[in-house]
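Okay, so chain A shows up in both of these, paired with chain B first and chain C after.
On to the complex of A and B.
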């Protein structure tokens, strides 16, 4: 039930004005500059180029490579986060011994600054001073190039992302699990449903709305990944682990190519929106089926 | 005993899995903690694991850090603390008000009013900057207020076109998170510089940084608080309304105290976000209001592989949030976060 009262304006306008004020300028500014050729170093007068920047980007293989890398990191890491997060949340929800300690411990990574996480990861993955390579040598592997070979570097970034953000998935799914009603499970137990059947036919479908929201948030946030990659590999070796935000940073603040960067961020925005819409469209029939 | 509790062998498998994940979670934190107590020679000499057994712990890194040899550490810590605490408090408060309004009151406006806002804001900005020759800051301010005024006035008339409601406003707030932060950060820096030319210093200032953080936390706060308020029983408020208690007193006197757990959880999530934020701090601060993530990241580029001091600096950024985690999980146990997502 909602009601009508002039005081509602007093409640909503502070937030509305703050967000409008801070969001409209970036939008206006970057949309207008994205149609211009504009460089600060070397200084060049702004020149209208229409869709020139967009055409340049779309025909630049580096853009497609960067988009591909970001997609790979986002999808693989979010997929793993969801799988692990769901398993852990299920275990915690069914009262494993020592659940209280696990809850505190599992939350920690989420609260650590990504910059600090990346620095710690660099120490652990260091080829001579790090513990991981010593462990690997113990098992008879050669010294592994965790941050200097493309596939290993990508893998390391994904593992760090999983380490940091699985707690978020656990937190949200656990809260979702706790709201599921007990009587459905009691009925299932009477029917002698196996745990697997209970999971497949009750838990998972009922958890689908919150799962959808959690994965959606994580996907969008993962596409913005920057500080972790920046500190861990700097986009290297070469440009093989460069992500969209890092690419924008290099173009905008190393080369001061502002028009190009703005166009890049709008393509980025379109890209994320399309992925988001496709994702929601794919899941919609399932969400409605279980409503 | 709940029907969902695991039995027999499954229970031990689940426990094993949890222990494995706990080890994976905690090892990096353990590693950074012990590294901060190692001597440079102990770090370079290869990995060691147990203090007093493998290596002799020393306080070199901490002494260097606390004595200020590694940059203006106290200043940064205090700046971080002030900015994140005030941004989190204000964002939670303003966001809670907006979320409450969106749950309990009806908002209706035409899509056309929103379009008028966007068109006038864009057009006015371009007109002011390119045709009338005002600076970017002035044209932005003029066009913003003109757009806002026109949109509000236009909503008084019966306009054609689809009508938007509360859910659309919520969606608009949440969709602000989709914009690539790098552009927002840089455009904000430009905007602050322009405003600075008009006499208000925003770059590297308390007001500028806090304001930016409030704006970028609001979407999350509104999203979380809306669910908390929706879970509250509406009957109490209805009873108060029957007694003619004004809405603002219902909100401050009844609703806020009832949703204290939700407010605390939201506050902590916001606090962690602001405390750890890197990109905006990188662009909007230079010295006086620099925050901890910038200092920590700087350790790496300035000093190369001096892991002992990097670890100590990282720990200073980590520990306050660890304390937060303890409090947050205690709140979680009592089922307070349950209402947050449904």
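On to the complex of A and C.
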């Protein structure tokens, strides 16, 4: 078979059509829906509203509030995940005794379903039956409003996110650390470089590509946070811990406001794309420098 | 000859067996397979499944129970109904969805609407919640009304009685009014002893608004103005920010301060756990609280669980005159929170006779009574016989507990002044707005009046969006009022 053999079309097109049907059609359908007023409850005939849904959303203070809340949770939790993850990965990479046990132990949280983690967290933070507040009471401290006051609730959600997803960061950074060449460190040792200098000038720059990827993946995933918030706070008190996906769920599955929900999904997509592009643009000079 | 005898005997046995089968199938629905749908079990779905086994044995028919998660149930049913497809023969659904379903439901056969079993259904269900525009379109299969639960041991402790009388000037007893309810909660709010006043659901998405409705129903359900609790039934203007609602919300917020710490995160499950765990002196909620608290396996207060109807009021806001009307006697208003799951037959079903027969069996006095005392079915009393059969309930309650529990349940569904829950197209759009503002008011971010003003504005906006005339017609039907 040559490069120009028409038989190639016989093999390529079916696969291409299937891929288009599976991946593009839902997006196109959803995009079309986002320009319609379409409600299942109460059933109302669909009508074209142009950018009406988008305009409604952009002028809705709740949208900007949930976008801000999601950004806060995503940036704080991913920042902490990276700091803790890098520290633990460095420790594990230095061949501490019992490293295998630590490695398995640190990875366990990542293997648990987020909804189960949230349920456990909710029980731990339970005001009267939860062990954390019982411990506080034992030492004479007052019960803390972990899930019912905005700042505490946001803090609790971030802590749970960090607990669950830091292992992913550890896993990726540890893999990166283990691929770094030994000879660079040997040369640095000959030059009497201190461990801090080795970290600052060798480890961190060489880890930068994988660090960028890990933070990027975690950032995107954190923006999609829903189950943890849904179980722990339900978005409350009020809407103070509501995230973009939870907002979309409320609109889509409780109110069945499909046009509005589709518009929200596309704004979410644009939001994430912009954040991703800005993130990569900011880091590009550093990545180029250490190529 | 021997062969002939054997053959005759075999034929005789077969004929007898065949006759036996025919007698067993009463009525005979051999070869009929019904498809029933409801939410994912165990609640309600297990009641359908248990009844399906009995019905299959009785009629030789088959029932396939198809379960969907709560969030998917509505779209699945509404899609099949509006498309006219014969997907389900029986649907078990939340009463709030009725306005969207009624155009597509078959009327209950006349023979089911007569006799002792029919009369046994509590009138509020038989005459109001099962009826839409004068037609009986569904059958209640679960009763849902809020009642009051209290700790007998705490209330009858002589020291508590003495101290309470000294402080409040009247005897400590199950709350007759909402004021007494809050006094009692305040009296027993003793965190140092790991005891708090009351427990209610305050969590957004955790059934919170039904608990607010119970407080509000007393102050807004004027006996002279039926159906005026949520909207003005003449204009469809939201009533949610009138002084009766504001007072109800203020008391609901006060109750949250007399509840265990972090009660703002309580859904009904936590309310039951708090009461059964001996953490609170009283609570309001569905009948599940009493059943769970009476079970020694789940409860620290088994044998000490008292029940009573919801507290009442001696003044009610009249939305027509815009004044508070005083009453000489306490008016006890029962609130039909949620309203109880309904079973119905779509008009598109080709097996309507068998489907109604299955519903009749499912909700028969005997089968439904067993479901009501079986944990996990989610079925609460809705027949008068459910509330009178002490022997049945003595399996899970002591005599006194059973008498009080059944008395409260009976009173809840037969009270003179009953407030029906809101049932409107777009129900969740209305309740979501309320939940958000309610949570803000509970957190102290806005005042009760501010919260309810916002809700009223949003409700009016939603009503206009969905069509005021259409919503008004649905609201009047849901409240049992004639069309204008």
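The rule is short, and it goes like this: the second predicted complex is superposed on the first by the 267 of 291 C-alpha atoms of A that agree within 3 Å, B and C clash if a C-alpha of one lies under 4 Å from a C-alpha of the other, contacts with A are read in each partner's own complex, and residues count from 1 in each chain.
To be clear about the criterion, a contact is a pair of C-beta atoms (placed from the backbone, for glycine too) under 8 Å apart; a residue touches a chain by one contact, two chains touch by 3 or more.
Here the structure is a predicted model, which means the values were calculated and not measured.
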Touched partner set for A:261, first chain B, second chain C, both or neither: first
Per-residue touch tally on chain A - higher for chain B or for chain C: B
Touching partner for A:40 - first (chain B), second (chain C), both, neither: second
Which superposed partner A:233 touches (first chain B, second chain C, both, neither): second
First, second, both or neither for A:253, with chain B first and chain C second: both
Which of chain B and chain C A:143 touches, first, second, both or neither: second
Chain B versus chain C as contact partner of A:68, first or second or both or neither: neither
First (chain B), second (chain C), both or neither touched by A:129: both
First, second, both or neither for A:155, with chain B first and chain C second: neither
Doubly contacted chain A residues - partners chain C and chain B: 122, 126, 128-129, 253
Touch list for chain A against partner chain B, complex: 1-5, 7-8, 10-12, 14-32, 84, 87-88, 90-98, 100-117, 119-124, 126, 128-131, 134, 163, 167, 171-172, 175-176, 178-179, 182, 185-186, 188-189, 195, 210, 213, 220-221, 224, 226-227, 231, 244-245, 248-249, 252-253, 261-262, 265, 268-269, 272-273, 276
In the complex, chain C residues that touch chain A: 71, 74-75, 78, 82, 99-100, 194, 203-206, 260-265, 273-274, 277, 279, 425-429, 432, 436, 439-440, 442-443, 445, 466, 470
Chain C-facing residues of chain A, complex: 39-44, 122, 126-129, 133, 143, 145-150, 233-240, 250, 253-257
Interfacial residue positions of chain B with respect to chain A in the complex: 2-6, 10-11, 14-15, 17-18, 21-22, 24-26, 28-29, 31-32, 35, 43-44, 46-47, 49, 94-95, 97-98, 100-107, 121-122, 125-126, 136, 140, 144, 148, 166, 169, 173, 176-184, 186-188, 190-191, 211-212, 214-216, 218-219, 222, 234, 241, 246-248, 251, 272, 275-276, 278-279, 292-293, 296-297, 299-300, 305, 307, 310-311, 314, 317-318, 321-322, 324-326, 328-329, 332-333, 335, 337-338, 340-342
